[in-house]
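Should a chain be cited, it is by its letter among A, B, C, D and E, assigned in written order, with residues numbered from 1 in that chain.
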């Protein structure tokens, strides 16, 4: 099975999108970095394997493992029942806190205040799905292809509100001090898990064991804190 | 087959697909109409005696034809917002696509203008028609007729290229596909459906152009000459 | 995240530009070879061959390149054919380019005036001799400007190969932008690099066009 | 070079010079056309016949000399081109009908656009000029549905509809076979009988002889011989002798 | 319809039928050409002259009737086209020289490719046929550097180089002015004097009269009158009277 194949090749191929900061991105010397990147590196080191990143775009993360181009996905995959029909998920290795962030000067306290404001999101993210399902709240949603475009939309004034992780919300003010954004309404916390092809129970068990161990020893929490500025939620810190 | 295809799971989102396809068609329609106008003007501009106007038109055509559409869209979308002009994604998409296809249309139309035999223009000059009357009555329609297949292809390509508008939050067909496939993780089913829809849309457009050709070129209709 | 544009970013972009050039070359060489066959098939005396090639052209021209690339890479893998990204991208681009070049060249071949075909026939030349010695040398002159014009479009369209994992110019720009969040700077650079690659070709095609004294009617891509 | 000096010529060229690049095409051409006169310009290929004709309607700018048409100085840069062309009708060898318009639309276009004539009036006019050239039944046909001779007659009708004071013809029959040529020449004969002033470049020696009041024989950009039609039967210069000689092969 | 029955005609058409769609273009055409004979086909535009000529070299398939050329049944589907065309040379109104090749290359192409002649031998042949048409000095020129008459003569030379048994000419002079026409007709006269079998469609009545052994007058897809050149001066059918009558306008 896949686990044997990996062990035999002494190499693990991990599907990661390197254009979704702060989980996957490039540092100033154009080396991969980010929370997912370090998780992947930790995993490869622990298992004594060589690590190969399969560069993907958001849309091709899943087909890469489905068709055997990559072994697993570590790329801010959040778990939903719908998606679980198509691939298997490990236990969560992190959670992602998402908020509605708005221009600081904007008087937004609760959902009704968002009426006739446009909320920018990254298309196809779980934030997108959540907001889209809130039919009763009469939200106007602008979907961008990735976080960078979403941030640019906020920076340039195309939108005054965004639905994304707290880390990204803070990034907007850094880019344009005239438009500082802050978290206004907590949206949800999503579980992030490692994705793999269906029907690989041995690999799945091994991943789960590895996650349990590294949650316990605090390594995953350290990585998360380094990039997201906050700790994992208490119930995950063991 | 290493994966199971489950089309019904994706097809149950058909209203989204239809919505996306309609938006794609709308984008293509408006950009085609205004792009045809802009391109024709630019083609006329390139042929004027005013050096300045000809130069401006040439720079426009070359700058657009040699840079990617995506970059153009970003520059219009974020550029306009940065100077405080907040237009809807749809408007921006139409504007950017118009600017883009206008440049290609200009080149095609120029070829059409040049394909009008000199004798036709001299005959019109001999009849004392003004420059504008000559363009309007003698050059425009026959030129369009000559390059109609190229124009048609160009506008179908524009429709296909409008997929990059998903980047600036226009909910056209590709955007819908991205949304659905990241929601369901059923990329294959989604892409196959999208491919079929795009082929259908291109057939719809070609049929539309065929019909328009019947109206525009009464002579062909009357004599039964195919385009 | 954040930070300023530095030499590493530029090197990264340069690396992406090299891939863009490489992919373009593959697309053009492969597309030209297959496109030539398509062009001949489109004017074949056999109706079935004509219909098949026409259907091929119609379908490929109606499908976005992105979808072709996706199905070429993941679709083949799904039915058990593992291909490397390079092979998949090469094959998909070839399929795509061939449909367009095939059409451009068919038009050029058919635009060689009918009397030329008849004159060659009247001299008892065989079908191949007529094609090789009389028709193609003339068609090449007609076909060159639209072909070069189309090459410009291909250079820009290779950006879609990012879907199969290529970090070519556009994708490398996206990656840089997503770590810098400086879209205006990054995209201006990308636009400039594309312009530097495409404009010489555009100029060349215009020169050819002018030398031959005719306008090129190329079904160019957006 | 003999020049027919007479009261008020409707067209007159004096010492006209014209070069294309380094090629001198017209080298001091002078002739004049009286009201109601028919002038035929003959000469071998490349001798400058078409160029001379085109200069009269200012399709070419001249480099020197003087051209006066209906009292207008055509050689000057500030000439009112559109006024000139309302007075002058020109018909080319390649008929240049507008292929996307019906014969009627071809004819009514200029009267409606230029003279602001009403559509119904223009249509009546179209019928009148088409009758003049014997093409009444073709008003609604498109040019490509007509034979060459019919197309050429329609082109003449289109010019006539602008009621020009002088008509220029440039080898209007040389693309036609003998029978179609006959049709067109009959129309021109009729125009001549009606008193239209005409300048025609032609290869039809027989026709030139029978219809032209005066012949201008051009050779290498100069008017080499000029005189009444009889010079064709009794040419004096060796060049005209040779030219008429080869021309006879056509007969 | 009179048919010249005689020993072994090199070209013979018997009751040839040909339609384009619903248009009957050839309606039972029969005539024959003897070895060394010069046949001129005349008739008004659209009467089917070109079509008849094209059928002889099988550029058109016939619907019925029989065509025999150099002993080959051209009407049958299994004809060896390339063998036929080695025996028949055809020259069109639009000279159709290959613009991308020099005159020499135009001429040597077929002998080298079809007859597998050596290049030096082919070049010598090119010089010979060019001498025949008086164009020796143009061997290395490209077609566009030649005048119309020269191009047409080069096209004739190209056909001659294949040493055909019969030559077909379709209005080879009608795109030319009288002087250039003269050049080409001289070449054809010389060929006739050398005994070449020729079928020519022509509008040059004078030329047809002086060179043709026999005239075929076509009218509405039929051979309406046929006979020696003298029928042109004494036509018997009203159609030929009318045709020659209008043709006279050309002289």
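Annotations for the structure displayed:
Note that contacts are C-beta pairs under 8 Å (C-beta built on N, C-alpha and C of every residue); 3 or more make two chains touch, one makes a residue touch a chain.
In this text the structure is predicted, and so the values were computed from the model without any measurement.
Counted as hops between touching chains, the shortest connection from chain B to chain C is 1.
Looking at contact counts per chain pair, the maximum sits at B-C. The distance from the centre of chain B to the centre of chain D, each centre being the mean of the chain's C-alpha atoms, comes to 46 Å. Mean C-alpha positions place chain D and chain E at a centre distance of 35 Å.
Taking each chain's centre as the average of its CA atoms, chain C and chain D sit 52 Å apart. Under the contact definition stated at the top, the residues of chain B that touch 2 or more other chains are 2-3, 74, 78, 187-188. Of all residues in chain C, those that touch two or more other chains are 70, 74, 77-78, 183.
The residues of chain E never reach two or more other chains; the list is empty.
Inter-chain contacts occur between A-B, A-C, B-C, B-D, C-E, D-E.
Partner chain C is touched in their complex by these residues of chain A: 18-22, 25-30, 54-57, 59-60, 63-64, 66-69, 146-149, 151-152, 155, 171, 174-175. Those residues of chain A that touch chain B in the complex are listed here as 58-60, 62-63, 66-68, 80, 82-83, 85-87, 120, 123-125, 128-129, 142-145, 149, 152-153, 156-158.
Partner chain B is touched in their complex by these residues of chain C: 59, 61-64, 66-67, 70-71, 74-75, 77-80, 152, 156, 159, 170, 183-184, 187, 190-191, 194-195, 198-199, 202, 214-222. Across the complex, chain B is touched by residues 57, 59, 81-83, 85-86, 88-90, 92, 94, 96-102, 109-110, 113-114, 142, 144-145, 155, 158-159, 162 of chain D. Those residues of chain D whose C-beta lies close enough to touch chain E in the complex are 44-45, 147-148, 174, 177-182, 185, 203-207, 243, 246-251.
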